[in-house]
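Scrolling down, you'll hit the structures one after another.
Across the two complexes that follow, subunit A remains constant while its partner is subunit B and subsequently subunit C.
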Partner chain A sequence: MKNQMDEFKFHIKIYGSLLKMTMRGILQYRADFWMSLVSVVLLNGANIVQLSVITWRFHALGGWSVGDLLVLYGMFMISWSIFSIFFHKLAKIEEEIWSGTFDMYLLRPVSPFLQLVGGDINYTGLCDTLMGFGLVITGLSLAGAEWGLWHILWFCLFILSGGVIVVCIRFLISCVSFWTTKAGALGSIFTQIYLLTQKYPITIFGRAFRVLVTGIVPVAFLNFYPASWLMGKPDAPAWLCMLSPVVALVLAGIASLVWRQGLRRYDSSGG
Partner chain B sequence: MRTFAAFLKTEQRCMGLYRADFFLKLIYGMIAMYGVRSLWTVLYAQDPAMVGRPLASMTTYAMLAVALDIVFYPSALSTAPQNYISGQVRTGRIDTDLLRPMDLQGQLFARNVGTAVFSILWLVVPAWFMGVLFLGMMLPPGFLWGAGFVVSVALSFLILFSLNFLLGMVCFATTNIKQLTMAYSGIITILSGKLIPNWLYPDWMQAVIRVLPFRCIFETPLNIYTGAVTEREIWSGLLLQAVWGVVLFLAGHLLWGRMHRHLTVQGG
Partner chain C sequence: MITAKNLSKVYRIAQPVEGRFGALRSLVRPQYIERRAVDGINFSIEDGEIVGYIGQNGAGKSTTIKMLSGILVPTGGEVRVNGLIPHKDRKAHLHNIGVVFGQKSSLWWDVPVIDSLRILKEMYRVEDKVFQKNLDGFSDLLDLGSFINQPVRQLSLGQRVRADLAAALMHDPGILFLDEPTIGVDVVAKERLRQFILEVNRERGVTVLLTTHDMVDMEKLVNRVIVINAGTILYDGSIQGLRERYGRQRRMELQFDGQCPALVLPDVKTEKMRDGRLVVLFDRNSYTVDEILSHIRQMGTPIRDIVIQNADIEQVVRDIYQEGGRAV
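And now, the complex of A and B:
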């Protein structure tokens, strides 16, 4: 037990020093941050305009007002940014296997996972976090919702669970590249699916799609279920919405199992 | 003309290598089409009068927009002028393009037409076919509308190419065009009628959109296909597209002529 504790502390220390190294490199490009903020606003601007125009003309979308929709959209962005800031390298496992750089991680006496995620921190992802919070706050004031302490605590828990869920899904997809070379394709299909759940409440879709994003690729737990409980929507039972942290834990367990299996199975591309 | 054909052929050959990629893009297209179909079905149920046209016509409009977008998204094709130029400028290989005995705009046009024709045949047509089979997409109301749509799509391409080329010219002037490209793509997404039908905008915005070329890229062909325009309006729509296409293409030509004289290549 003590041994494991020591190992854990060692890992944290390594992660810390890896982060410090990357931060030092990044701080030299401060102008990038402002440009990224502009990019994020531009990238999401069209969707925000679309949601605003639709709700202006039709008053709501499947019972969701513009405020509700902004909270839905914003929560997705915040959870997603946890992935894009700290864990985005996980999406690159396939590339690293192809180019043979993945082997490097296996040679060093530190967990390959840590080297992978510690190797890069993408602080421009912070722009997503900022815009996400901006949208959530705007949405709340537009919807006239009043959150007590209880809601805020759950909001934080939802965001964290959402972050874990994205990281795990993206990580699992990457792990597929230990077995086949089609991980990139799966990743892109995943993208198409979450592009829909990010901005629309899933109740506008058919049953099959709702089951898919709830039980199979649980992206609906990033924003739809949390937002529908926080905004008091009758779209889903409260217990289902609050399942978000459980989903995150289960996924994390699955991801760590698959990762171990994958590493055991891995043989280099011989790059 | 023969050089032009050779460029076209080369591009088509390059594209042929990535069949698996095409299959995937088709799946993305289908998912996105399913999304907009659900969206408009719900909105139609909420307020049919606001949609302003029959449900099938609206979902067809939205799904066809998604299908066309696989190829017509400003930076969708690697041979789109702004992508190609910024890539070549960054690597310093643009000088080989300048050495060729053909005007840069002509070269890029030939390349881009090659990939576009190929991608339309391999992506847009199958997506359209799947849409008709599985997602309840309508066929055009008559031969004239169908033919008008095809011509209109070709003119849309000309307009899009010309706008992209103008953006590409900016790549010579600045090294970081990422944000500029995003802003440009955002403007096209919002003002072309592909994401939000223009008739839903407030009146003042519709007035602005009417005098800009962007709506010619998506709204014109989609309105023709869905039969939202009369026979006469088909002709006037196509004429307007042609005028914009020629004007923007010539603008690119003139601008390039001026820039070419001042261009110095870094000794990469």
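And now, the complex of A and C:
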């Protein structure tokens, strides 16, 4: 037990050092750094305009008010930004395998997963986090919702679970490249799916889609179920909504198993 | 001590599926072809040896190195390095070895070399004293000082390999695997790398296994050669032994006064050079030098100069590859 604790502390320390080093590498390209920040702000502005246009035209969408929808979208953005800031590299596993750089992670006596995620930090994702919080707060005031401490605690838990869910799904998709040459196709299918769930309540779609995003690619646990419960929507039973931490844990377990199998199956690149 | 017993690696290469939804179908039911990269090899390397591992591209050299390093899991057989099974005892094993790939750096691309070395120090839990001692030592031997504060992407290839070598040795491993460490490096830098490898072997007793295409590397560094072709070992022994077994060919170069004569003898290859020289290749077990020369003298053209050479190791290796291992 003490050993495991030491090992854990050691890895946290290494992760910190890796991030520090990665940040130093990024700051070498200062101009690029500021340009990216500006472009993300602009891009988010465009998104908000789009959302307001949509919600102005359809005052209520499947029984969700403008305020509800902003909370829905905001929660998605915050959870997603956890992935895009800290775990962005997981989407690049396929590339790393192809180029042969993945070998290097297996040559150092530290968890390859940690080396992988520590090797990149996508600071522009921070704008998504801020924008997400902005949307949630605006949404709450528009909807006239009052959250107590209990709601806020659940909100935090939902956001974290959502982050874990995105990370795990994207990670699992990347792991497919240990077995097959291309995981790209799956990646774009995933994109098509979450583009729908990020802004719209899934109740406006057909049953098949709802089953897909609940049980197979559980992105609905990122924002739809949590927001339903937090905003008091009758769309889903409370127990289902509160399942999102469990979904996150189960996915994390699956991802860790698949990753281990993948490493065993890993063929490196070429002879 | 490194041992490989009946070690083999079969790659299963996923084949793209043609037609509609090909990408999806290849996920559901992937189709593979198999490629046997290493096919039941056996060897054992003692502490302190420098062993050259040679073979053509695709012969299985890198695959072997990757199995020894623990990157790849063998399909069959067993590999042990200092008693550990690399892919099973990965972390403990990695403390015992250092690995350098000449083709790709193990350092972080965008940060100064010293930052990479520092983070490796943390990862391997190297003590401050040891780190400083190694850093000083390598700065001397590899002249790291002149580029240690530059990001790796700005380094020349020679500098980069030097940085990688230092990085691989920071944690005092007893074994060094070098996969084509001198590839693409200029002659002067190559010589420097060789000196360093010899020094590390002599002073620290580090066991070295290196793959190379450079025959000068072989002649200068290595006391033992393992030749691999199509996944199987063709030869394992000293360089002299390799020459005796395969390098029986002699190369005689003659300069004539006047017209270069035509020499026709069974099993003798000749080649007329542009400037009137004649190159004669023969097996020293089939002909003596005297026999060849008396045939040429009968033709009457006076000989001005003769050079006779051993087959160089490069020629030897080319012969082995061409014969595909049939010992002559």
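Note that the second predicted complex is superposed on the first by the 239 of 271 C-alpha atoms of A that agree within 3 Å, B and C clash if a C-alpha of one lies under 4 Å from a C-alpha of the other, contacts with A are read in each partner's own complex, and residues count from 1 in each chain.
Definition applied: contacts are C-beta pairs under 8 Å (C-beta built on N, C-alpha and C of every residue); 3 or more make two chains touch, one makes a residue touch a chain.
The shown structure was predicted, so the numbers you read here are calculated from the model rather than taken from an experiment.
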| item | value |
| --- | --- |
| Contacts of A:V38 with subunit B and subunit C, given as first, second, both or neither | first |
| Partner chain in contact with A:A60 - subunit B first, subunit C second, else both or neither | first |
| Which of subunit B and subunit C A:V110 touches, first, second, both or neither | second |
| First (subunit B), second (subunit C), both or neither touched by A:V246 | neither |
| Touching partner for A:A238 - first (subunit B), second (subunit C), both, neither | neither |
| Which of subunit B and subunit C A:L18 touches, first, second, both or neither | second |
| Touching partner for A:L153 - first (subunit B), second (subunit C), both, neither | neither |
| Which of subunit B and subunit C A:T180 touches, first, second, both or neither | second |
| Overlap of subunit C and subunit B interfaces on subunit A (superposed complexes) | 185 |
| Residue ranges of subunit C in contact with subunit A within the complex | 11-14, 16, 23-24, 26-27, 30, 37, 57-63, 66, 69-73, 87, 90-92, 94-95, 99, 101, 103-104, 106, 108-111, 115-116, 119-120, 122-125, 151 |
| List of subunit A residues in touch with subunit C within their complex | 10, 13-14, 17-18, 21-22, 24-26, 28, 100-101, 103-104, 106-110, 119, 176, 179-182, 184-186, 264-268, 270-271 |
| Footprint of subunit A on subunit B - complex, ascending | 20, 24, 27-28, 31-32, 34-35, 38-39, 41-43, 46-47, 50, 176, 178-179, 182-183, 186, 189-190, 195-196, 200-201 |
| Interface residues, subunit A side, partner subunit B - complex | 35, 38-39, 42-43, 45-46, 49-50, 53-54, 57-62, 185, 188-189, 191-193, 195-196, 200, 204-206, 209 |
